[in-house]
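Alright, structures below, take your time with them.
Next come two complexes, and both contain chain A; in the first it sits with chain B, in the second with chain C.
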Partner chain A sequence: MSLLTTLARLEAVRSGRAEPLATVRHRHLSERPMVLVPLTAAGESGAPLAVMLGTDRDAPRLHLVPQPLNRTLRFDFLAALAADLLPYLESFGEDVEQIEGSEKDPETGEKTQVFRELCTDAPQLIVPNAAGVHHLALIGRSTRFRRTAEDAEPGPHPAPLRVPLLGRWLTHLTDRAQVPGSSLLLPMTGLLARHWATGQSHLEDQHLAARLAWHFPPPGLTGAQAAELAESERDEHGQLVHPPAGPATDPAFDAGVLAPAIARYDAAVNALQHSTEQGDEAAAEHARAAVRSAVEHLERALRAVLLPTWRDVWQGLDLLRTLPPAGHLEERWTGDRWSYTGHRDRLAAGEPPQPRQDDAVTAARKLAQREREQARLDVQEALDDPLAMAEHRLSGEAFSGVVTEVVLEYDTTGRSPKPRPLVTLRTADRPHADLGREAHRVHGPSAQKARIVAVDPAEGTVTLRVLSGMGRKKEPEPGSLPEPGEPVTFTLFELTVRQSAPLPEPDDTPWTHGGPPGTAPVAGPSATGPSATVAASEDWE
Partner chain B sequence: MNVSTNVPLGGHAEPLAQRLAELRGPAPQRSLNARSLAALAANPGCRRRAVLDAAGVDKSVLAARLGRPAPFGQSPFAIARGLVFESRLKADGYAALLEPLRAHLGVPADDRAPLLVPDLLHRSGPAVRADRTAEALARAAADPDAWTLLDHPMLRLAVAGSTAYLEPDALVVHGGRCTVVEIKSFPVLDGGADPAKVGAAARQAAVYVLALQHAAAAAAGLPLADDPYTEQRLPGSPRTSVLLVCPKDFGNRPTAVAVDVRRELATTRRQLSRMTGIGRLLAALPPGTDFDLATDEDGAPARSTEQLTAAVEAVPAAYSPDCLSTCELGFHCRARARCDDRVEQLGRGVRGELGSIRTVAEALAAASGAGTPDTAALDADDTDGAHEAAERLAYAAALRAEALGTGHPGADRLGTERNPAGA
Partner chain C sequence: MMSEQPPGAAADAAVARILAATVHPSAGAPRGVVVDSPPGAGKSTLVVRAARELVAAGERLMIVAQTNGQVDDLVGRLAEKAPELTIGRLHAADSRPGPEVLRHANVTPSDKVADLVEQDVVISTSAKWQWVRAEAPWRHAIVDEAYQMRSDALLAVARLFERALFVGDPGQLDPFTVVGTEQWAGLSYDPSSSAVVTMLAHNPQIEPHRLPVSWRLPASAAPLISRAFYPYTPFRSGTGPEDRRLTPAVRPDGSALDAVIDRAAEHGWALLELPARHTVRTDPQAVAAVAATVRRLLERGLTARSEQGEAPLTADRIAVGTAHRDQAAAVRAALLKVGVPVDGTTGPAVTVDTANRLQGREYDVTVVLHPLSGRPDATAFHLETGRLCVLASRHRHACIVVARAGIAELLDEHPSTEPVQLGVPVAFPDGWEANHQVLEHLSGHRVHLR
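So, the complex of A and B:
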């Protein structure tokens, strides 16, 4: 947390309301996001209990597992979720544009023109918090290796057809969510935290309702009071008035509402089984009605617990839409579209599911990508948002000021003289401006590099020699240099992100890193055979 | 606020336990267990927690009386899941539990050395069970070739003048040494587990290891090694690596992972040795302070809420937002921190950033350029730190105001750049 963020938090404590941390919206928001609020069954990692989802805030759809320990019911739930979610995810795969590129022939080195498909839009999933992302990752991990009846060896418990596909999509989305600045899958608490500061800690900010309380405190209450109410207010039955955003449910809800409702369902199912065995049709009919009624009862209970969070997520989206989009959103969203298109293509090509653990090259690539994207995100946010640039100015990595003097000088060492003008600016910032250090002009007409040639901290002036971005002529292009009186900003970091050194193809993994995948047995506890044994050893029950 | 460490203990001739019992009043003592001992290590600087835990005050009840009940609870589903997993492990003569233990400890698969599982009198009281465990452990350690499993043994640990009874899930004894086995129902997924949960389990297991080290040293008539990282190789002394047995992936098949708990052991030892110094904290309490939560026959409480609040306030706390998830009094301490306008309410890291600035008002005053914070109470180093932090805050505030286009927050106050629109 930087001092600027801390300051915003301090201001929020005083004002009792959330305070801005950004002047623009730094994440892409889809016009048709899929909001997804998951709940998990306590005590068992990744065991789903229910999910509320939809693209229409007035029409949430609910799926639930009436008895979370029952594998068949869990598969039914996952099949229903797949049937609901996959059409949304796949609907963006049809509409494509052709992107021109060139490909180098690996043997002749000749470049040929190629066209690649890029989906014009991509899906966007919004979950309440980071724990929701983790939960989806667990569901993805637990389902993507499942065998279905269509497989050669379906195993003893074949899963419904589309369930492994759902797992592969969820794995891809949760993996992509690790890439800084990506927007295919976003937690609402994280989105809000990027754009506003509250007067409480990051830990407390994970509670979506408490976070939002700082934005919309009821009349007469400060944000802190409203947040505490959202965290702890209980009704006469001891149930939280505002249930947590999950995926874990409140223990008091588990004990007081969920456990009796599940017990009622179990009893109804047992009665049905008993009457069927006895061949008592009248009793069976009665028991079927009891099962239906027990499921409806569970639906009501879970809907009541999910709806407040559902509304919170949509309220958060409204809040974010009040901010104007940042300039680089489109560029970053294009990266998300490539990611989506790539996964679509891998599925179409019949590639196997993502492995349990990445091979060395894939892992290194992912890491390099995340580092690169983090650097790119930092630069882009700074360019898009003066508040983000203020972070760099505070840390001495950038400085803003007003130009006081421009002196045209020339470099005459070459055949023809080149313009190397001196620009002096007055600044209140205190950059780490060592003499000779390179600086980069922000928001100039073109990319412009300069070198620091004089610094006078007492006067608050910095003099730079401009090295590029002035055209090829003897005189600098008109407008390419700042005029006296003009406000300018320079950074001490580059404004474009360098590509990292290329990594080998996975098939060329050096022996130091385990060799090509599949050649050597993997050591350690992760050593398990093909996915068939994985599935066999992972029977939920 | 400052508790002098030199207060003579002469005024408290009565034993520590007596004084702690007085603090608690007639309410039943809330005994320390491995979880509460381990939780102490989570926030070592908190005197409030140290005193209340040592006195065995029921913090849940206390928090409710103070008006901010603890939000904790365990889901019946989580409890059921834990029980199911453990009972599966112990079914068929511990067959499922032994499978992962074999790989780690070399428990033989055949009948060459049958596993001994002595009866530890589970239906008796803790003292009887602890004696029985000590006997069984000594007998098992005497035969280096035998493999013995102690199922839910009972261990004693003296903490701040009182005895805490601790119940690990299991101990495996072989070759004269024992290994703590802790069964948890969170999964090890693809070779990794939730670090927060593993950390909590390690802290808990460290308490068991410490109790076993004390017992082994006492049995051998030796003092406990000064260095917590030295492993004393005495008969029956524990290994400093414990075995965590968890479900593998999403199934019910167990897998065991060895966890080195030496670091947690060192922390726990330090914490507990500080607790024995609890007398100094008690000496600083105003006379007549107690945390009596009892009620008389009519249900009228012995102490009013005001009295309890005052008593709790008499012991300084070290609040940080982490407390909300580990301590029953977290909500109360947060409310106090907010009332006192302290910067800790925003997190531990904030304290470091703001140097010696302690309150939100001071920090914001510094940010608006309203001069230096009150430095009268600070020594020279702190004053420098306060100035530096204040300067940085003012600079940050100017940058923030410029970026938001709101004008310098201090400008209006100074009357130099008054907004013509009038705010």
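So, the complex of A and C:
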């Protein structure tokens, strides 16, 4: 945690309200985001219980599993979720633009012009918190290999047709969510934490309602009091007034509301089965009504615990929309669009689902991509937001000041003299400005590199020799150098992100990493091959 | 168990086994040879000898090190100890190697590997090797500081060689990344794990060799470091308790600083303890105490006597180690303020750096700002075994630790809470236990500073 963030948190404690950490919004927000609030059943990892979703805050749709242990009902639920979510995800695949690029012929080395399709927009899923992202990843993992009736060997329990496809989309979205700065799938608590500091711990900040309490404390209450109320206030039945944002539910809700409602459903189903076996049509009719009523009862209970979080997520979106978008959002969203388009194309090409585990090369590639994107994100946030840059200035990795002097000097060691002017600036910052260190000018007319040649901490001056970004002529291009009196900022870190080194193709995986995938299985828990085999036996109902 | 063999003979036998396995592998022998080396066990000497013998056997060879500093060190050492070798120093286009490397006649620098393929030995960083497109791969490679190398870097360079000697210190800092990698935890080829760990997982027939003797650590330090950080692979000091002596020329003035210096000179360890307090990372009082200690070390004109001879303790034989870069910067500024040189380009100067950058370096006396000093919490970063191990094992004579009181209580309040991942071997010792061991030993050499 940076010193500035710590300070903001301390200020939040004192003011009793959330304090800003950013002056602009650092994540893309879609015009039409899909808000999705999942709930999981206690006792079984990743067992879905219900989900509330929709793109209209006034029209949330609810899907639920009346008996979470029943696999048939779970897959009915997943089929309903797929039918609801897939049209949204697929709706962005039609509208494309053509992006010009060039492709090198591997034989002749000749470059040819090619056009690639890029979807003009992409879907965006907003879940309440990071645990929600993890839950979607679990659903993706448990469904993308399921066989359906369309498979050659559907097995004893074929899944509904579109469920594996849902699993592949969820896997793609949750995998993409690991890429720093990506915005296809975002947790609301993470979004808020990036932009505001509260006076509570990071763990407490994972509770969406408690977090929002710092933004909107009721009159007469501080943020801390309001947060505590949001976390712990219970009604006369012992139920939380503001249920947690899930996916795990409150144990008091499980015991006091959910378990009796599920028991009532089970009893109604048993009665229906019994009366059907007996051929008692009147009793069956009665039991069918009882089942319907039990499901409606469950719906009411689950809607009641989901709606507060649903509203919270939308309130969070409102809050984020009050911030102006950062300058580099468009660029990073284009990366998300490429990611979306790529997945669309892989589906269209009939490729198999994402493997259960990445192979060595894929894992290394993903890690390289994430590190690259993290570096890019850090730089872009600093460039977009003076508060983000202030963190770097405070840690001595950047400095801002006013130019006091510009002296034109030349490097005459080459054939023609090159301009190597000296720029002196006065700064109140205390950078780790070791002599000879490279510095990079922020918001210059072009990328400009300089070297620190003199530092006077007593006077607060730093002198730099400008090395580039002045054009190719003998004299620096007009406007390429800062003028005396002009405010400037330099960073001691590079403002462009380095390329990642090339990695071998998976088929060329070297002996140090086990050779090409599938050739030499390694003992241990990672011994699973890339092929996906469904567990041999499974309790189904 | 420790053998009764004298340390020199035990070390020689280990080196002979390693060289035989590297230079003359038996038919069907695994393609990798791994050497685990505790701090100062002659790793660099081994690398030089292996390079000489491989070249003498008619091989050309590539060497992979992890940082430019390590590469330059190695080039300098090779050029000096093995003048018969021709050495290519492959460097990045925007970073020329240091002048002390280029003064050797047998070293050829270039940023293009094509200019160097004829050289007996080509040395570069793993970051640079990853970009090399070689038509004819080398048969042999030596990977230095291999435990510091990340698995994904090895993945990118392994195509360049057929066989490799991996040399490194398993007790030092693990490679790291700033992004989440939980998704690959437990995979044998987790790209964020160490290159050696991955390579051994895929080549289980390889038995790592060990260097059993630390020539750097004095008799006062080797048992503690071995017990705290290498509990299952013990090593010993190559020198006895009488072989190393630190003697000050100036009598103590009765201050806490002098008391701590005298303790360190006598026992090899000392703890300068400040009153308990939660502070910012760059705790001004602790930083000032570090700077004052270093200054006093220089003022008192210490003489370091060892098996290598007698030499005055000059600034370039002292290092200050910290956990964070901003702490190092603060110490550097504080040292400048009290008139201690910290810029090596203008003469002998004290080295001030983080644990990560001090890896593989050696000094007579080190002053360490304890990673947990003044902290309200003990995070995985600050508890990491390797960090403390690096900081506590750079010295030939003495190590002075500067810390706020209350670290033991802090440790007790923060047992490690990292989630257990399936398939990830549990690292022993854990940072919590190692920290307690070192602290307990230090508490016997404590001096209070008010």
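To be clear about the criterion, the second predicted complex is superposed on the first by the 525 of 541 C-alpha atoms of A that agree within 3 Å, B and C clash if a C-alpha of one lies under 4 Å from a C-alpha of the other, contacts with A are read in each partner's own complex, and residues count from 1 in each chain.
Keep in mind that, in the parts below, contacts are C-beta pairs under 8 Å (C-beta built on N, C-alpha and C of every residue); 3 or more make two chains touch, one makes a residue touch a chain.
Here the structure is a predicted model, which is why all the values come from computation and not from measurement.
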Chain touching more of chain A, residue-wise (chain B, chain C): B
Partner chain(s) touched by A:P510 [first = chain B, second = chain C, both, neither]: second
Which of chain B and chain C A:L3 touches, first, second, both or neither: both
Partner chain in contact with A:G396 - chain B first, chain C second, else both or neither: second
Partner chain(s) touched by A:H432 [first = chain B, second = chain C, both, neither]: second
Contacts of A:D358 with chain B and chain C, given as first, second, both or neither: second
Partner chain(s) touched by A:R321 [first = chain B, second = chain C, both, neither]: neither
Contacts of A:Q374 with chain B and chain C, given as first, second, both or neither: second
First (chain B), second (chain C), both or neither touched by A:L203: first
Common interface residues of chain A - those touching chain B in one complex and chain C in the other: 3, 357, 524-526
Chain A-touching residues of chain B, taken from the complex the two chains share: 68-69, 71-82, 185-191, 248-253, 255, 257, 321-322, 324-325, 331, 335, 338, 341, 343, 345-347, 349-350, 353-354, 360-361, 363-364, 367, 392-393, 395-400, 402-404
In the complex with chain A, residue positions of chain C that touch it: 31-32, 127, 130-131, 151-152, 154-156, 158-159, 164, 177-181, 183-184, 186-192, 195, 198-199, 201-204, 280, 325-326, 329, 422-423
Residues of chain A touching chain C in the complex: 3, 178, 180, 357-361, 363-364, 366-368, 370-371, 374, 395-396, 432, 501-504, 508-515, 520, 522-526
Chain A - residues contacting chain B, complex: 1, 3-4, 6-11, 13-14, 20, 23, 41-46, 68, 138, 141-142, 199-204, 224, 228, 231-232, 249-252, 254-255, 258-259, 356-357, 385-387, 389-390, 393-394, 428, 430, 524-526, 534, 537-541
